[in-house]
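Below, each structure is written out as structure tokens.
Here chain A shows up in two complexes: once beside chain B, once beside chain C.
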Partner chain A sequence: MASTATLRKPASGFRISRKMLPYVLSLPALLVCIGILIPFFTAVIYSFQRYRLSQPWARQFNWGENYLNFVTDPAFWNTLKVSLLYAGITVTLELLLGLGIALLLQRRSTINNFISIMLLLPLMIAPALAALMWKLMTNPSFGILSYLASLVGLHDFRWASSPDTALLTVILVDIWVYTPFIMILLLAGLRSLPTQPFEAAALDGVPRSFVFFRITLPMLTPYILTATLFRLLDSIQQFDIIYAMTQGGPGNTLTVFQVEAYLNFFQSTNVGRSAALLIILWAITYTLSNVFIKNWLRLRERARGEA
Partner chain B sequence: MYEKEKDLISAFLRGEVDRRGMLKGLGAAGIAAGSAGTLFNMMSTQALAADFDWKAHSGKSLKLLLNKHPYADAMIANLQAFKDLTGIEVTYDVFPEDVYFDKVTAALSSGSTEYDAFMTGAYMTWTYGPAGWIADLNEWIKDPAKTNPNYNWDDFLAGVKNSCAWNGQPGGALGSEDAKQWCIPWAFEQNNITYNREMFDKAGVELPKNLDDMIAVAAKLQKDIGGIYGIGVRGSRSWATIHPGFLSGYANFNQKDLNVSADGKLSAAMGTAESKAYHAKFVQMIQESGPKDWSTYTWYQVGADLGAGASAMIFDADCLGYFMNGGDNKMAGKLGYAAFAANPEATASTPNIWIWSLAMSNFSKDKDATWYFLQWASGPEHALFGATKMDFVDPVRQSIWKDEMFREKLNGKYPGYVEMFDASAAGASIKFTPQPLFFDVTTEWAATLQKMVAKQVPVDEGLDQLVESINRQLKEAGLG
Partner chain C sequence: MDTMSPIERALRAVALTLVVVFFMFPIFWIFLMSFQTNETILSIPPSIVFSPTLSNYAALITGKLQTAAGTLDIAFMRNLGNSIFLSVTSVAVALVLGVPAAYAFARHKFKGSEDIAFTLLSFRFAPPLLVLLPLTQYFQWLGLSNTYFGLIWVYQLICLPLILWIVRGYFEDISADVEYAYRIAGHSWFATFRKIALPLAGPGIAAAGLLAFIFAWNNFVFALVLASADKQPVTVGALAFITSSGIQYGQIASAIVLSVTPTLALALYAQRYLVEGLSLGAVKG
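Let's look at the complex of A and B:
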């Protein structure tokens, strides 16, 4: 009957047939998806063009030339190397530190709760502002960290202004800002673990190292994978800390993907090259995400099977 | 009330009485400086309005994009005069220089109609012009119906005016017959020496006469004074590191950034023996007497250190030295200025120049009204106001440099500034080759300098790599 086949909206008299309802309900998601996909495919198209804003007359499809040029361009290989190195080192160190701090704060107490809130403060600061703060603290003439370094015999330590120590400096800033993120995720994971296995191990007098490696760590792995995935995707797309501290220098020491793409677009107005760099970055993050999500799903399946 | 005084100011504006005579007359009439200023502005507005229909666009509104700079401050301080004169409403956004040019690129490349006019440098117009983002201002400058008769385009310093005009051909000469006037110069900077007179006296050193001398003087100052460094120059990984002192000295040795062949093809020109020798000396100077974190230095740090007494001299924009000699800077009143020729065989300084200019967006909704603003902001009245009452240095109009009050202001508070300017003005021009890959070339050049200073690469090898890379990029862009 007509009355059951349609939904009525009395106020406006607007009718939506029951058949159309699923499409209407999924429309917002479709619109969001289009909003994401249009810029993405536009970037893909640009990446196959010789397209400089300063030479609009020379704009044409050059198909894979932007990508082929990367093969023989040492600057690109340097970008790839620095980006992977930066992401690898920061995530590893943040994971170790975050896990260590989370273990220390695992027991619920007023002081532990207070410390965990305090430790979150760096995460509340915009990374670009944190970088500027560190830039002042590491100033070789008046920075507090330069002064402290001189007390331990590191005179004339040049921090971000030397190619030897620039990577170390921006990694320190990244660790300072983002370790709390990993710490809070793992702390939540630790506090949500079932207590029975730990109580049984304590009754049996199992050594702490055994408990950590054979009980805590395996049970915490889904949380570790989630935290690592988030941080890895963010780290490999690092921009603000590096750009605010060194603009990618000294030399080409810190020209990671985002910095290089940004400079290519805004300074060189080389849209084609900038888009190609970003598409490669997307491919890397997509691959990494897939690897992590597959592992995460596998672990979840295993956990269900064991249950 | 004040009729006599108004007559006196009108006589001055008609050129019948000189500035000194006018001021003397106003003083005798018991007019205080504040009242005299108000009267002067009022009479200037009336004089301007008398010869031209400034109200033609009354009721319209314009929006400007401005960089946070004393030149913008001077314009904003005088903006009410424009509004009163034309009846045009003006709003503006001001951004710090770190992000300013990115904002301009974003606004223009998106075809946004939000801004009608904006501040720019001449180098930027080599991108904006061919991209079709800005208007050729010749259309308005040469139209007497749209430009007020007192604008006096010929009053602009020829070298500066021509530096803002380019025909769009890569390597084409600036200011050529077929050039388009992409922007109007507003104020400009010559790159010379600003030095701390007390420190020079204390160390017993003379002003450096060439690059070798500069290396030695900077080292001696650093050693003898203690707690300071010898010379401030920019070092960030940006085009801004190349254009001031570095390129001015480089050009003094008759070296170029690019070669232009007979068929208009471009190629990198930094690989010559003279270029390598210059780079080696400049790098040595930074290593021995530059700031420790030189590779992060922008104009801001270079100026701030000089003003705070952390450096003994800078080889940078003259107006940066001007700003640091006033305000609440620790070293205010202690700085001196000198023209500098890096090449011992050169007869004079040949500074590269940076020109803060005004350009019109091609996406402006009302270009005629926008031109009203541009001609007022770059006109003689505002230039005089900026130069005498604000910090609008270096002015681009010859008449301002001849103005007694302006010269007296400089000679009183900034000793040596006028002499420095006069000594290098003849050789001052843009030393870069105009071409669309300007930012690619200069950013990579700065990155190479950083590698050399950090001893990541020897100077000769670094320049060979730079030449190879730039030639490859020029070829890829169809320019080489």
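Let's look at the complex of A and C:
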């Protein structure tokens, strides 16, 4: 390379040295992102301050007080509980449903491919708009789902407007939007599995349940892990569906981390508490995403190795 | 699989039907609702037999809503225009910034390249409000509050990592030998990038662009926090519309239909890239 380069004259007078080139290429993208990193550090500072927008004069560092207050703050424990419940239930149900549907659609056929494409559609609808669709369908006076509920004897089933069923309702919307995500990931995984072990098992007359638990599931595990962590990271931060559906209500039924932080900032103007909540959420997602990225890289290398 | 019993075959068919009904019914129902008058919508029991009307769409498109109390202005078309403008511009900016960077990450393992790539990826997983809430104050100081410029900048948080990671994968799949051969023939670095690398990664770049568009279009929280009514995209606008129009359910339904049609159409068009794109290339579809 070096010798050929010296044989020919450079095409133009000015040339960026090879060493600098990658930095020059990625610099603009980096600059844009650095502008976004600054607010992150600002948020860390806010979280160590007593800072209310309504009382800007009283702004001062109170160090860990925002965090310490959480220990005795029932609202915080409610936020933590609802967030974990929401993430835990949605991801578990979506995983089971997604795996089930992927298995149903595993065999390549025109109808199966068609269905798998149709099932992608909910995933392509903005979650906030999906919530509005379900809001129309669960409207107590004319919603089709309220009507169907009344047919099976659930009169005056109030869906998202009752504290008893609000969580159930937003979970239902989340499942509607995100199950297809897990389904297509697992379907891609299932279809990429080598066929030999399955043929061998079929020849030996191995029972189907044995094949599923001892061959299919272990081989699918990296895909399941990727899909689960991906969804967990999103689900613990869910904002769009819950905010569009109920604004965190009724009462504080659905004040998950980001909704509570949003309300703290814009309604109670308690910037310090809002920032501290988000930092705790960030710590949770950062830990999860490190686990995720390690697992994901391994899968990516493997996909590339086989390609 | 050929050993499936008739019972099993029937059970599978029933299960698949239930799945399709659950996932398709809401779209179907809202679509029907968008062609109904309020009287039809409010009638009990609900019926799928009705005389369709285009009045909901007409009201949205003309921006005038006739109610018993008088004429109401609807800004929904403006929201739709904002969505198109914000998504297209954000993706264009992200492509201009992201494709060269993706090429750099794929071709040159320079010092700190993995760290930088991961930092960018971690944006995908950080809580958006953590950045957005302090940003509201910075935007006020910088005069960027409620400007398209500010919004497009923040939209890079969604578009850039997506484009960077997907396109990088496509560049890595191109054999570097082709490029070396072209370089040895005396062509400049830029000519090689433009004539060899870009065309070969073309389909990947297009797919990444489409996905970034869908994600930008579907975003809700950025504009909710940073934009006022005249700059809001459909996701935020539709929510505001519900509060302002109160009981105009038919119009709400048709607003939702208009808002989701672009992404659904694009998704159907680009469906074979979706698996890869959604998982940031983690699963090669």
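The definition used in the following text is that the second predicted complex is superposed on the first by the 252 of 307 C-alpha atoms of A that agree within 3 Å, B and C clash if a C-alpha of one lies under 4 Å from a C-alpha of the other, contacts with A are read in each partner's own complex, and residues count from 1 in each chain.
Here is the rule we go by: a residue touches a chain if its C-beta (ideal position, glycine included) is under 8 Å from a C-beta of that chain, and two chains touch if they have at least 3 such contacts.
Everything numeric in this text was worked out from a predicted model, so none of it was measured.
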First (chain B), second (chain C), both or neither touched by A:141: both
Partner chain(s) touched by A:162 [first = chain B, second = chain C, both, neither]: first
Contacts of A:54 with chain B and chain C, given as first, second, both or neither: first
Which partner, chain B or chain C, touches more chain A residues: C
Touching partner for A:78 - first (chain B), second (chain C), both, neither: neither
Which superposed partner A:221 touches (first chain B, second chain C, both, neither): neither
Common interface residues of chain A - those touching chain B in one complex and chain C in the other: 135, 139, 141
Chain A residues touching chain B - in the complex, by the definition given at the top: 52-58, 69, 75, 135, 139-141, 156, 158-164, 245-252, 263, 266-270
Chain A contact footprint on chain B (complex, rising order): 101-102, 105-106, 109, 126-127, 130-132, 236-239, 291-296, 310, 436-437, 439-440, 443, 446-448, 450-451, 453-454, 456-457, 469, 476-478
Touching residues (chain side chain C, partner chain A) in the complex: 1, 12, 15-16, 19-20, 22-24, 26-27, 29-30, 33, 41-46, 96-98, 100-101, 103-105, 107-108, 110, 113, 116, 118-123, 125-135, 137-138, 153-154, 156-157, 160, 164, 172-173, 180, 183-184, 186-189, 191, 214, 217-221, 224-225, 234-236, 238-239, 242, 249, 252-253, 256, 259-260, 263-264, 266-268, 271, 274-275, 278-285
Footprint of chain C on chain A - complex, ascending: 1, 4, 8, 10-12, 15-16, 18-19, 21-23, 25-26, 28-30, 32-33, 35-36, 38-40, 42-43, 46, 100-101, 104-105, 107, 115, 117-130, 132-137, 139, 141-142, 144, 147, 176, 179-181, 184-185, 187-189, 192, 223, 226-227, 230, 233, 237, 239-240, 243-244, 257-258, 261-262, 265, 271, 274-275, 278-279, 281-282, 285-286, 288-289, 292-293, 296, 299-300, 303-304, 307
